[in-house]
Structures are given as C-alpha cells and as structure tokens.
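To start, the structure under review is shown below, and the notes come after it.
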Amino acid sequence: MTALALTPVRVRPRRPVGATVAAGFLALVVLAAVLAPLLAPYAPDAIDLSASLAGTTGDHLLGTDSSGQDLLSRVLYGARTSLIAPVLLLAVAALLGVSLGVLAAWRGGWTDALVSRATDVMYAFPGLLFTVLIIAVFGTGMTTSVLALGLAYTPTVAKYTRSLALSEARKPYVDAYRVQGMGGARICAMHLVPNLARAVTGYLVVLFGEALMSLATLSYLGFGAQPPSSDWGLMVQEGQAAIVQGALLPALVPGTAIAAVVVSFNVVGVRAADRLGRQS
Amino acid sequence: MLLTLDHLTVHLPDTARPVLDDVSLRIAPGEVVGLVGESGSGKSTTAKAALGLLPAGARASGEVRVDDTDILALTGEALRRHRASTVAMIHQDPRAALNPVRRIGDFLRERGADRARATELLAAVGLSDPEHRLRRRPHELSGGMLQRVIIAGALAVRPRLLLADEATSALDVTTQAEILALLRTLRAEQDAGLLFITHDLHLAAAYCDRVYVMYAGRIAEERTAKALFTTPAHPYTRGLLSCSPTLGETSGTLRPIPGRPPSLYDTFPGCPFAPRCPDAEAPCETWRPEPLTLPDGGAAACRRTPVTAARSTP
Amino acid sequence: MAARFARRLAGFLATLLAASFVIFAAVYAAPGDPAVFLAGGRDKLTPERLAAVRAQYHLDEPLVVQYGRWLGDCLHLDLGRSFKYGDQVADLITSRLATTLELVAYATVLFVVLGVGAGILAAGRQSTWVDSAVVGGTTLAASVPSFVAAIALVSLFGVQLGWFPVTGTGSGFTGTLHHLTLPALSLALGALALISRVTRQAMADAAASDHVEAARASGIPEREIIRHHVFRNALGPIVTMCGLVMAGMLAGTVVVETAFGISGIGSLLVGAINTHDFPVAQAVLLLMVTGYVVVTTLVDLVHPLLDPRVREEARTA
C-alpha cells in the first residue's frame, strides 16, 4: 500500500544453519588446539631461514613467516593461548564481578553505592584504556594482560549480577532460609549464587568473542603475549612487516583465524546465551 | 455521489472473518453522515478506505469511489494527490497525530498553506494569537487547541470530504461541543461532505443527517437521524440506544447489551449479532444478513425487520 | 534546564576527578622507585643523590599532596618531562594531537555516513535481502578487531591494488585524506554494526508512530515523511549513539595508529608503555579520558535540544 514498509523491528528466529556451521567450526578449532602436537607438521618455533616468507607450498600449506616458521603449525599452537587466555580472564571477571554484584545487591546501602561509583569511574575509561593503564603500571606480559582485562570486565559482570541478584533476593525461598536462621553469607554462597550461575554463564559466553578480540589486540600492541609465543595477535604484529614486501600470509593467516573464531562465537554465543537465560 | 462504497469487503491476513464485510455506504456533497459502532466494528477501516489507506497486507474487493475516481485502483503519485487534495481526515487523538518535534506552522505548511493562509486558518478555527501559535510545538498546547490545529490542517487543502474519526471523543464535554460546532460551520462554509465516526449513537443522531450503524464489519442499519432515534429497526441499534443514558431518563431503563462484540477470530454462519440478540430465533443463526429496505427508505440487516419495526413503533 | 545543566556539570567534574586520581594513584603504586630511574639508574646512586631527587620531584610527600600538585600542574598544562625523550610532555602531545584528531574526525564522518546510511537503507527495506545484508555485513565487521581490519585493508588496497599509501600521514588536505583513508576505515568499521542497528531501530520506532500514518493519510510526499517525520524523530538516539562511539574512538586510535605507523597520541601511548615512560603515559591517558568524558557529557546535554519532549520532561522533573 505504501512505498516503504516501515514496521517495528521484529526479532526473527536466527537460522540455525549458521549456528550449526559456526558451532562445528569452533569444535574443529578446539580439537585442533588440543591435538596441535599431532597435527602440526613442524614445531611452532622451528626456524628455517632458507624458507623465509615461502608462499603456500607442499611443505608449508599456509606458507611461512620471515623467520621461515611454518604458519600452519604456529596457528594450530596459537589456538591454545588464544582460546584459553579469554577463558581465564572471564574467570577472573566472573569471580570478582559476581562477588561484588551479589555483595552490592545483598548489602545495599553504602556498599551498593560504593560499588556503583567505582563502576562509574571505570566506565570513564573508554575501550581498552583501563587495561592499558594497568599494563602501563605493572608491565607488559600475558599474565598482566589477563588479570588487567579480567579487572576491566569486572564492572560489566558486577552490574549484570547485581540486577539479577536483586530480583533473586526478593524470592520467597531466601526469606525462608533467613527465617531458619541461616546467615546472609551462607544463603548467598549456597543458594543465591548457584541460582544465578546459568544466567551469568550465558552472559560470559556472549562476552567471550569480545574478550578474545581484546586480548589479541593487547598482544598485537606488544602488551600481551611475548615472543616466541604463537599467540594470534602477536603473530599478526610479527607478520605485518612482510606485507609491504608482498607476503600477505604471515599477517592474514592469524588475522583470519581471529576473525573467524570471533564471528563463530558471536553467532553461537547469542543462541547459547538465549538458551541459558531462558531456562534459568 | 461524493463518496460511494459498494460491497466493500476487506480481508486481513491470519484472521477468520473479513474486517469489512459487504459494506455499502454513500455520502452526497454537503451531507453529514454518521458512522456508529463499538470499537472493532470496522468504522475506522471504512473511513480510511476513502483515503485508499488499507491495513498492511489487506485484500479488498468491491468498490470505493470518490466523485468518479476508483480509489482502490489509485497508486503512487495519483493516490498521494487524492489524499492531499480531495479527502482529509481528523484523527481521534490530536496529540498522537501531530509530530511532537515539529512546529504547528510546519504542520500547516506541509499541507500546502503558506504563512498568511496558516495564520488565517488558525484564526478560523478559533485560536487566539494565531501568528504566535505557528511557532509553538504540540506539547505547548492543550488537547482542545490541538484538535483545532488538526481541523485547520484538514481544511487547509479545501477538501470535498472530511473524515472525522472520533474527533471529539478524547476531549472534555465543553470543548467537545465547541469543536463540533466549529466543524459544522466550517464544513458548511466549504460545502464539504462529512463522515462523522463515533461510538455515541445519541451524538450521531443529534449531529448528523443520516446514520449508519456498524456491527462486526457489516452495516446493521442505515436511517435518517430522526428515524433512527424514533423507530430503530435493528435490535443492535435498539440495544445501543437503551444502554446509554440520555437526559430525563432514569437509570432504571439502562440495559447493557449482553456479551461482547466479536473479534476478528470469531466466525458466524448467520447473523453476527444473533448470539447477543434478545429477539433472536433459530433461523437467525443461519440467515446471512442483507439490507432489507424499510418503508421510510432506510435499511436494516435484520431477518425480522418488518415484524420488529412495526412492533417498536411508539 | 539550568538545574539539569548544573547537575550534569557536577557529575562531569566528579567523574573526571575520580578518573584522574585513579590514573595518578596507579602510577604512584607502580612497583619500582621512580626516584632511582630519575637519578639516572642504579650505577652511580648514592643515598644523598636519591634524597635530592626525591625532594626535587616531591616524591617524599604523601599521595594526596602529590596528586594535588600533579593535578594543579596538569591544569597549567605542565605535564612534566618525558623520561625517554626528555621533552616537555605537553609539547610531545600538542605536536601529535592534530593527526589523531584528524583521524578521529575522518573516521567519524565515515561511520556516520556509512552506518546511518546503512541503517536507513535497512529500515526502508525491512525483512528483505537488503536488510539481511546490512545486518549480516555489519555484524561481521564488528567481529573483526580493528588491527585485523587494518592489515586486511592494507593488504588489499595498499599492497595488492596500490590505491592507498600503506603508512604515514601525508601533507596537505588531499594528501592527509589519502593517507588517512585506510586508518579511518579500520577505525570506523567496528562501529558500523552498532550505528546501523540503532538507526534501523530508531527509524522503525519513529515510523510506527501515529503521526506518520496521519501524515501519509494527508498525502504528504513519502520523501518528506521519511525526512521530516521518521528520520527527524529518530535523530535523538542516532546522535547520542554517534556521539558515544566518537568519544570512544580516541581510545581506538591506540591500535590503528600503531597498525599504520601514524605518529599521533595513540601510538605515543603505546611507545610510552613499552618504554616505561610514565609521565607521557599518564598524560595521554588523562587526555583520552577527559576527551571521552567531555564528549559523553556534551552528547547528554545536546539530546534535549533534539527532542522537545525530553526538554519538557527535563523542565518539569
């Protein structure tokens, strides 16, 4: 009837095909990371200067970098750090964030106000700047990066947990335990937190892609993984110099690996979070 | 005829019955015609059909003609020009019908009124200090003032037909009376036809020349206002008259119609009003309603029309 | 209105004060003694020399006093000297700030034009392949970190096609534009998904209002309806989101400037951290946070100007 079909956006059910493909791809990546020693044709740090910047050949399926290291082997090994590190940093964020969030919701009053104000101050640092500040102070390295990013993600998790805990704490079972004389800390640890676990896990799954991107970025800047690690972000940095010489693979192979994993995770994560959120 | 709806039937997707079922309606130039019914009876859809504005995904059969133009066949620029020049609509909620971020002047200007004409229009609808009002935004004016603005916008194009969709229902009683009087004078000055949609049968009977009563997407009765009031032919019309209070009546005579108006998911093999009708007989359940002409020239879509009409004569 | 403004300003100052304290305190708490570094290393260090350096740089005073002194100096644009270059930090920053601001401005133009454009396109063709392509394409773009986008763009448009220079900033307006195109694009790509989605949703919400149907019923031309009724009313959320994304871009330059070897304040920060140049790192962080908080506050203050309804609420509240 009208020239433009402007109606409110309806969330269409995501086609499960994409999610299935993405989940399959992620399963392969995890498998590759676990089996890297068996699958990799070379050691990730085997230097062969005679094969420097080789393109795709029978010997080197994805080519080599400027030191002649086999890119396929490095990417396979690199999957280990690139996948485990985000899990660790989210674990840090979950530990701190859930504790603070539950504390703020349970205690209320000035505790709650303090946590919110601290959160606000951290939100004044855009992007990775809070992490960068911590790295500036405590030095570069993978451990610092993981802890710093974990701390940077804490406010987000705390805020989310707080809102969940507030509504959970109003449920009758909490009062029932309190009437039985159970202490606040015990109720929180034994009952409240386990009941929030599903939803918080779903939230962390959604954050995973971004966490992986953030860590790769830190490694790319030289703040995270240090040589001779095969971390994908670091590999991009190392391979970048070769681009001007016309050798694109050393930077593009790990770069594509990062993008592919993040995209897959964002496709799968949203569905997984939906499911976890709905059943909690 | 200014407006002719001929056997207009409109189906919406995923509904069990048509939203408009075999609606025929006529408005002569300069005539004031009332369209009465409960919410959901299809009044607004009928009015919007005159603008060629059907709900998204609707399938229509039958005919809509304004003058001699077939509205349902219009598309694109021709349809836009029809809406911009021949027919104008006055909406129920003036606050919702005006863009909150634009000025009153912008509203009139996009309907083709230049500054002088806009000032003149605001003065004509009885707004004081019109020059100043042009620069106001909707949230700075009261509901009554906004409805005057809407009427000014409708008159800006000098339409031949005005559609007033519950134009005064959202206003308080004194403002309502002023707006009704204004609408009548201005309409008479431009000699435009008026389709006056309301759920208030008494108001329609008092204000209009002729009245159509709608029920479940069909025309139940069509009479002159006077005849409708004195000798209502359709049981639904009688129900409407006896369930709303008028001056001088005691509350004891108020009889609400039992049951609820049907939704678009209810179907009926026979008369849609039969389940709620005090006079219903077994054949009503299967008789497909059609307008039966009454002795005074009106029509009622009731199987028992000749009998009931005779009986209800005072 | 005035009360709202005052409240917003107070919040702005409080946030800035707290953030600057965090920046200062973090460096204060850093392991290692800056006095040792300032005295020129451990080799020729005597207790007297160390004490002298402490007194000279006021390192023997309590944290809060030192913070107050530092903040006062910052307000006078005295940001100290770089450990690495020995130059005034203020000079280092001012010589590079222009480049960074050009980059952010260019990226902002790109993401506003492309993001809002894509959003409008998707809103107008909802549930068609155009809509799916916009949503899918921008979501994909958001899943690619800016440094990966940078090397992909360099590989394709810099090296393979040779359309754009690979590093540097160029001179003159067109030279700068030419050099900064790929960096600005890598910076803007990640924001496209967010901006186009907000635009699409805001347009759809605005298009669903009664006054749009009323305008259509009055035969207002469709272009006018889209421009004056749909887009104009969707402007509030769109401008807010664009402002927030632009504010965050200052931090994004850290990555993109490094990737393209542009010497702006982002790459200055990365260099400072890798060489433990605390005064520079501190100053750049403070500048970026200040810029971010200023822009977000401005966005918040501009919003009521775009929407008289919000202005009205602010007045009656």
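Note that the chains are named A, B and C in the order they appear, and that numbering of residues resets to 1 at the start of each chain.
In the analysis below, a contact is a pair of C-beta atoms (placed from the backbone, for glycine too) under 8 Å apart; a residue touches a chain by one contact, two chains touch by 3 or more.
From a predicted model like this one, the values you see are computed outputs, not experimental measurements.
Highest C-beta contact pair count among chain pairs: A-C.
In terms of the distance between Cα centroids, subunit A is separated most widely from B. Our note on geometry: subunit A versus subunit B, Cα centroid distance of 60 Å, whole angstroms. In terms of their C-alpha centroids, the spacing between subunit A and subunit C amounts to 22 Å. We define each chain's centre as the mean of its Cα atoms; on that basis subunit B and subunit C are separated by 55 Å.
Chain contacts: subunit C has residues 216, 222 touching two or more partner chains.
Multi-chain contact residues, meaning those touching two or more other chains, occur in subunit B at positions 53. Touching of two or more other chains is recorded for residues 3, 5, 7 of subunit A.
In the complex of the two chains, the subunit A residues touching subunit C come out as 2-9, 12, 117, 120-121, 124-129, 132-140, 209, 213, 216-217, 220-223, 233, 236, 239-240, 243-244, 246, 248, 251-252, 255-256, 258-259, 262-263, 266. On the subunit C side of its complex with subunit A, the touching residues are 15-16, 18-19, 22-23, 26-27, 29-31, 123-127, 139-140, 142-148, 151-152, 154-155, 158-160, 166, 200-201, 203-205, 207-208, 212, 216, 222, 226, 230, 247-248, 250-252, 254-255, 258-259, 269-270, 272-274, 276, 278, 281, 285, 288-289, 292-293.
Those residues of subunit C lying in contact with subunit B across their complex are 209-211, 213-222, 224, 228-229, 232-233, 306-309, 312.
Interface residues of subunit B, counted against subunit C in their complex, comprise 48, 51, 53, 79-85, 88-89, 91, 93, 96-102, 106, 110-111, 137, 139, 153, 157.
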